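Remarks on the structure that follows.
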Amino acid sequence: MKILFIQTGGTIDKDYPKQTKGYAFEITEPAVKQILGKINPSFEYEIISLLRKDSMDLTVKDKKKIFETCVEANTDKIIITHGTDTMIETAKFLTEVEKKTIILTGAFKPEKFTNSDADFNIGVAVGALNVLKNGVYIAINGRVYRYDEVKRDKMTGKFISV
Amino acid sequence: MKILFIQTGGTIDKDYPKQTKGYAFEITEPAVKQILGKINPSFEYEIISLLRKDSMDLTVKDKKKIFETCVEANTDKIIITHGTDTMIETAKFLTEVEKKTIILTGAFKPEKFTNSDADFNIGVAVGALNVLKNGVYIAINGRVYRYDEVKRDKMTGKFISV
Amino acid sequence: MKILFIQTGGTIDKDYPKQTKGYAFEITEPAVKQILGKINPSFEYEIISLLRKDSMDLTVKDKKKIFETCVEANTDKIIITHGTDTMIETAKFLTEVEKKTIILTGAFKPEKFTNSDADFNIGVAVGALNVLKNGVYIAINGRVYRYDEVKRDKMTGKFISV
Amino acid sequence: MKILFIQTGGTIDKDYPKQTKGYAFEITEPAVKQILGKINPSFEYEIISLLRKDSMDLTVKDKKKIFETCVEANTDKIIITHGTDTMIETAKFLTEVEKKTIILTGAFKPEKFTNSDADFNIGVAVGALNVLKNGVYIAINGRVYRYDEVKRDKMTGKFISV
């Protein structure tokens, strides 16, 4: 089993700037690197740092880049880390990638936080990737949804079944 | 989706004793509680603290208790946290539980460690449970194996395909 | 020994917002509460959550509030957690508080980060408070300076001796 | 300011063994290295990994080694990390080291635990070392005691004033 991890940015990768005046975060190294460093994985993997953006800032051009990276991947198992705000839109954009299993995931707290959900969420995506057939999925809050079976509750921010 | 988590003990739940002379650990609260506290789960769950033992200390009576708890569970989705040393043996012991999906998992570093693999491993089990059909499985090192498709490398301690 | 901890805000108390679009932090509970929860202190203490501001946003009115809280404190040992950007200015503002030992400290990474310097910095302030005589001090980067013996390197952001 | 850190072992440096059957810890790298890696210190330092023992296992020969390392140190500021069980005895053993300030400290939870007191305790020792005059001290539970002003409560394990 080989997994390609594609970094696009989002909360999962946010870090505190080294020197700062004020309140802003910045997006740095892929959190996946940190997480896989703890687990001695029994699978091959590659990490591509494609984009480092908040998902509200992703453009159509960005989404095309993600699409092409999926198409060109030399494995059929792909996990994309992504901001939660537009994760479902990007999932829908990728449905024409053929013969691949793509899971989008992310986090509500940056991986660098002591109470982050990042390790768990990446785990959910990897666990599902062991079993799922081709298609585009979202793994979040402990659930795995097909891209067209999930929406976001506008009040709570939680992902729920359609 | 409802998941029953059954604590049996093992590394994942080890903590440092409050007052101690010497080198010993003790097994305390189910780590799963801590982990689910971070993730705002979109599934129902229940945690049963059944046993708090190193997996080398599990007796046949203990395994029968685990078996019965699985049989009596009011959900068909079960995750058992377990020490890695005898995880495969316990998995084999549970194969006659009917109409349930059971995943055994654990950790190589206690959940209380900053570099623990516990969050990720529980994630892998939950992710696989979203998709798997009935049967007994082991989730470890990022892979999900059927109980009869995995063995442990005696040199490295890593779980590998048969 | 009784210590009064006064929260004014700054990086040490920054948290990731529960629901967010974009890059902003917010200042929440005093980090000191978390830190003292780990250490079983052999001293009495009280925590006042006075202000929750980035130190660039502190007004003269805010500084007067800090001054008065120090004057009215029912102990002579005070630790103020504060953003690093204007810590030295606030220290100078407090020099007329009489018969008290006041130490300002903070952090370069929020306490909620796995690689935070918050625990250590609060420790430095507490350690110095065990020994110091009356006056206003800054504890940062492992050093304890009198308010008039320290400046900030504009390039590196590090606190250094005058 | 230059600080020499001497590792002797104890809880602060305990880690979970890579491969294990059973309950044992092992003492590994000096925790101080990890801690100082987070804080961008404004002081020089050196770390000597002298002993890696539980403090119940320290022999007279070991204590002589500690004594000599203090005598030969090329700085007058020394922090010794040490198991809590015999910390006071070792402190008394070092009282004849001349013209040096020596602080013994340690932790009740290993530095590798998410809820460790290690960072704070090393901070307390460093903070006190900024101010203290020559002598032998113990820094623990947020207090700094002269070697002959502290005892351990046999019931609670807490360090208290004589």
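Letters A, B, C and D mark the chains in the order given here, with residues in each chain numbered from 1 onward.
Please note the rule applied: a contact is a pair of C-beta atoms (placed from the backbone, for glycine too) under 8 Å apart; a residue touches a chain by one contact, two chains touch by 3 or more.
Here the structure is a predicted model, which means the values were calculated and not measured.
The chains touching subunit C as well as subunit D do not exist; no chain touches both. Of all chains, D has its CA centroid at the greatest distance from the CA centroid of subunit A.
Remark: subunit B and subunit C have CA centroids separated by 43 Å (rounded to whole angstrom).
The distance from the centre of subunit A to the centre of subunit B, with each centre set as the mean of the Cα atoms, comes to 26 Å. Per-chain CA centroids place subunit A at a distance of 37 Å from subunit C. Annotation for subunit B: residues touching 2 or more other chains are 108-109, 114-115. Under the contact rule defined at the top, the touching pairs of chains are A-B, A-C, B-D, C-D. The part of subunit C that touches subunit A in the complex is made up of residues 11, 14, 16, 18-26, 54, 56, 85, 108-110, 112-115, 156-157. Across the complex, subunit D meets subunit C through its residues 1, 35, 37-43, 108-109, 115-117, 119-132, 139-144, 158-160.
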